[in-house]
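What follows is a group of structures, each given as C-alpha cells.
Each of the two complexes below includes chain A, the first together with chain B, the second together with chain C.
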Partner chain A sequence: MQELLDNLKELYALNGITLRNPSLAWAEVTPERLVGLLTQLRDAHGFTHLVLMTCVDWLEDGRFQVTYLLHNYTTRQDLGLHVYVGRTASELPSIHTLWEQGRVYQQELHEMFGIYFPGSPGLGEPMILESWDGPPPMRRDFDTRVYSEETYSHRQRTHHEPEQHMKDRLYPED
Partner chain B sequence: MSDIEQKDKPATQPEWVKDERTLTNSALPSEEQDWFCDARPRRVEKHWQVLENFMNWARAHSLWILAFGTGCGAIEMRPLVTARYDISRLGMQMRPTPRQASVFVIGGYVSLKTLKRIVRSYEQMQGPKFVVAVCSCAINGGMYWDSYNTIKRIDEYIPVDVYVTGCMPRPEAVLAGFNLLKKLIREGKAEGQNLYADKFDWYKANQKQVIKDWNMPDYNW
Partner chain C sequence: MENLYPPIVDGKSVYDLDSQKYLKMWQGPQHPGVTGNMSLELDISGDQVVKCKAHVGYLHRGFEKLMERRRYINCFPIVCRICVPEPDTNEYLFAAAMEDLLGLDIPERAKWLRTLNLELSRLASFVMWLGGQSGAFGMGTVAQWCLAHRDYVLDLFEEWTGARIYHMYMTPGGVRGGLPEGWDAHAEKVLDGIYKLLDEIRHVMFNNAIFKQRAKGLGVITPDMFDRFGIVGPNVRGSGSTRDIRKDTPYLIYDQLDFEAVTEQGGDVYARAKVRWREVYQSIDLIRQILKNMPRKGPLHITLPNVLHLKVPAGETYVRAESTRGEYGYYMVSDGSEYPRKVTVRGPSYTHAMALLEHLAVGVNTADVAGLMVSLHTYPPEIER
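Up next, the complex of A and B:
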C-alpha cells in the first residue's frame, strides 16, 4: 500500500498520506486530479469497488471534506481519498461514469449539502426531500430546531411531577 | 324574461353544477383536472338510533386495516397477525389497498414525503373509516421533535380517533388501542370521517401549508 501511494504521490500530488494499518490508508487529492486518480486506481490497481461517498462539513474551516472509500477485492485493502471543496458554490467532478452507483451518492450529497456535480444524471430530482424549499439541511449552519419551530405546529406539552400528579389523582381532598 | 329564468331555476342545484365550492384541482396540469373528483367530501348523516346502534355493532366487529407502514411502528403490526396475538379473532385483517380498508394505522414518524401518501390513501378509503395513531412520533413528534422533515402532530392533517403512546408500543398496547376504537365505534363516537368533511377547508389548508409542491388533486376520491 505504501509503495502504491508513493508511486502515485508524484503524479497526482497526493498529500496527507496516512497508513492506519496494512490494509487501510487515507490520502488527500485535489478536485482537478480526482477523476484521473480514481480511474487509475480502478483500472490499474484493482480498487474496483466504490464502498461509499460521504461528506463532512468543516464549518470552522469553511470547507467540505468529501470522502471516497475504495476497496480492492484481491488484496483486501481499503483506500480512502479526501477531497476538500469550499462551502460556497461547491462543485466536484462527477464519477458516475466510473461507478454507476456514484450517481445516487451524488444525488444525496447535492440534496443534503448542496454540492454540485456537473453531468450527474438525476441530480436535481428530490431523493427524500420532496417539497423542500429550505437550504440543504445537513449543512451545519442550518438550524433544524429553528426551522422545525417555524414550519410545523407543535403540540403543547404539559409536564407533571410524578409525585404531585399521583397525589392529585389518588387523594384529591388532601 | 329574467323572472321566468329565475322561476325555472330549481331551488337546490344538482351536484354536478359547478359553483364556488367546487374543487378546482388547480395544482394539476389542465388536461388532468377533469380526471379527478371535484366534489367535496360529504357528511354522512345518522339513521334512526336503533339501526345506527346495530350498524355500529357490526362495524366494530369488522375492522380491516390498511397495510401501510409509515414508520418503524409498522413493525408492531406483524406480530398482531401471528398466532399469539391473532387479530383475526377480533374480526380484523390487513388489506392491501385503501379501497378495501377501514382502519388506517399511522405507525410512527410521518415525514413530508409520507404525509402526501397518507393524505392520498386516507381520502381514498371508503367510509366508515377510522385512524389509529401509534407511537409517540405520530402524536407529538417524539424523538424527531426538532427534525426538519417530520410532521409533529398528525391530527392537524387527518382526523385521529385513537392514540397509542409508546416508542414503540408493544402489541398488547396496540390491541388495547384497537379495543378502545371498537368501544368508541359502538358508542358512535368515532366520527373522524364526518369531522374531515366538516372541517375540510381547515385540513386542506394545513396540508397545503407544509406540502409545498402540492401536485395532487384537491380531494383524492
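Up next, the complex of A and C:
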C-alpha cells in the first residue's frame, strides 16, 4: 500500500497520506486530479469497487471533505481519497461514468450538502426530500430543532393536574 | 416483433403517454410486491417494463444527522433501527468502528458471542427472505412457514438478550451477557426445525415448475456488472463469484470456523434464491460449530471509562461485515470530542435497489418485477439513513 501511494504521490500530488492499518489508507487529492486518479486506481491498480462516497462538513474550517472509498478485491485493501471543497458554490467533477452508483451518491450529496456535480444525470431531481425548500439539511449549520420551531406551529395543548381534573369532572359540586 | 422501446432523443427516451402505447404505473410505496417503503415508477408497454425509476424517501429518519448531535453511547440505540430484519450487523459495526478508533480489543468470549449473534440474525433474515421470495411468486404457504420459523429464532433472541427485534447486545467494549442456561438445547430444537423446513422448501419452491419457469433467466447479473454497479453478497455469489467478507477479510472469529463461500452459476433470480437457501444450511452449521467450540467462561466486557463522557481520539476508520445482503460498512470520523463528527452507513441496498434495479427491470414482465426486486434483497432504510 505504502509503495503504491509513494508511486502515485508525485503524479497526482497526493497529500496527507495516513496509513490507518496495513489494509486501509487515507490520502488527499485535489479536485482537478480526482477523476484521473480514480480511473488509474480502478483500471491499473485493481481498486475496482467503489465502496462509498460521502461528505464530512468541517464547518469551522469552512470546507467540505468528500470521501471516496475504494476497495481492491485482489489485495483486500481499502484506499480512501479525500477531496476538499469550499462550503459555498462547491463543485466537484462527476464520476457517474466510472461507476453507475456514483450517480446516486452524487444525487444524495447534492441534495443533502448542496455540492454540484456538473453532468451527473438526474442531479436536480429530488431523491429523498420531495418538495423540500429549506437549506441542504445535512450541513452542520442546519439546526433541525430551530427549523422545526420556525416552520411548524406548536400544538395547542392544555395541561391538567390529574387529581384536580378528575375531581372537577366527577364531583363538580364538591 | 414490434419494437416496444420508446424512441431516444438527445440520449433520453421519449414517451407519448397519449398514444396509449405506454402506461405509467406505480408499484409502491404501499404494495405487497415492494420490499419496504419505497416505490417504483414503471413505464410499461403492454406487460413489459420499458423504464423503471426507484423512488425513496418514505422512510427517511435522518439517522446520520441524529448521530452528529448525540454522544457515542447515545447513538448506539439508534443504529440497530437502520435495518429491521437484521439489526445486529449495525450494532456490531458501530461498536467495532468505535473500538477501532479507541484502540480497544474485546475479550475472546465476547468475540464468539458476537459471531453467534450475527450468524443467528443472518439465519433469521435469510429465512424471512425465502418467505418473501416465494410470496412474490404467489406461493404464500412457504411465506407463512418461513415467518413462523423466523419467530422461533426471535424467541431465541428474546431468551438470550431480552429483546426480539432490536437486541442492543453488542455494546462497545464487549457484549451484555452470556447465554442463559438451557439455551443451547432450545437453539438446537429451532435449528432442527429450520433444517426440516429447508427440505420442504426444496420440494415446494425449488422443484416447482412455475417458480422455475418464472425465476430462471430473470434479472441476470453478469460478472462484468459486479464492479460497475457495486454489487456485493449473495447477488454476486449467484453469478459464480466467491466474494464473501467472512472468508476474505475475516473478522471476529470467522477464521476459526470451517466453511466455504456458497456460489451458484446462472446469475438469475433462481440462482440467487439457491444461494440464500444454501446459506441457511451454512448458517445452521456455523451456529452449531460456534456452540460446540465457544469458551463458556471468561470476561464478557472490558472496563471502559464513563461512556457518557468518552472522548474518542481524532481519526477516521471504515469497518465492514458480511450481512445477508452483502457488504455492510460503517465509516466513522471523530474530531476528538464526545460526539461523532460523521457516521456514514454503507448499506448494500444503496446500490442494489437504485442503480441496479433500474437497470435490471427494463424488459421484465410487470408481474415479475416484485420477484426481481425481492431477489436483490433490499431494505430501503439503508438507502435513506
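As a convention for this text, the second predicted complex is superposed on the first by the 152 of 174 C-alpha atoms of A that agree within 3 Å, B and C clash if a C-alpha of one lies under 4 Å from a C-alpha of the other, contacts with A are read in each partner's own complex, and residues count from 1 in each chain.
Everything below uses one rule, namely that contacts are C-beta pairs under 8 Å (C-beta built on N, C-alpha and C of every residue); 3 or more make two chains touch, one makes a residue touch a chain.
Treat the numbers as computed from the prediction; the structure is a model and nothing was measured.
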> Is this a clash or a fit when chain B and chain C both end up on chain A?
Replying inline: fit
>> Going by the contact rule set out at the top, does A:Asp78 touch chain B (first), chain C (second), both, or neither?
In response: second
> Comparing chain C with chain B, which touches more residues belonging to chain A?
Replying inline: C
>> With both complexes overlaid on chain A, does A:Trp26 touch chain B (first), chain C (second), both or neither?
In response: second
>> Applying the document's definition of touch, where does A:Arg157 land relative to chain B and chain C: first, second, both, or neither?
In response: first
>> For A:Leu129, using the defined touch cut-off, is the partner it touches chain B, chain C, both, or neither? Pick first, second, both or neither.
In response: both
> In the superposed arrangement, does A:Leu59 touch chain B (first), chain C (second), both or neither?
Replying inline: neither
> So, does A:Trp99 touch the first partner chain B, the second partner chain C, both, or neither?
Replying inline: second
> For A:Pro137, is the partner it touches chain B (first), chain C (second), both, or none of the two (neither)?
Replying inline: both
> In whole Å, how close do chain B and chain C get at the C-alpha level once superposed?
Replying inline: 5
> Touching chain B and also chain C: which chain A residues?
Replying inline: 128-130, 137, 144
> Which positions of chain C touch chain A when the two form their complex?
Replying inline: 56-57, 60, 62, 64-65, 68, 227-230, 243, 248-249, 315-318, 320, 327, 329, 331, 333, 341-342, 344, 346, 350-351, 354-356, 359, 384
> Given the complex with chain B, which residues does chain A contribute to the contact?
Replying inline: 128-134, 137, 142, 144-145, 147-149, 151-155, 157
> What does chain A use to touch chain C in their complex?
Replying inline: 20, 23-24, 26, 42, 48-52, 54, 56-57, 67, 69, 73, 76, 78, 80, 99-101, 103-104, 126-130, 137-138, 140, 144
> Within the complex, which stretch of chain B touches chain A?
Replying inline: 111-113, 116, 139-141, 145-153, 156, 210-214
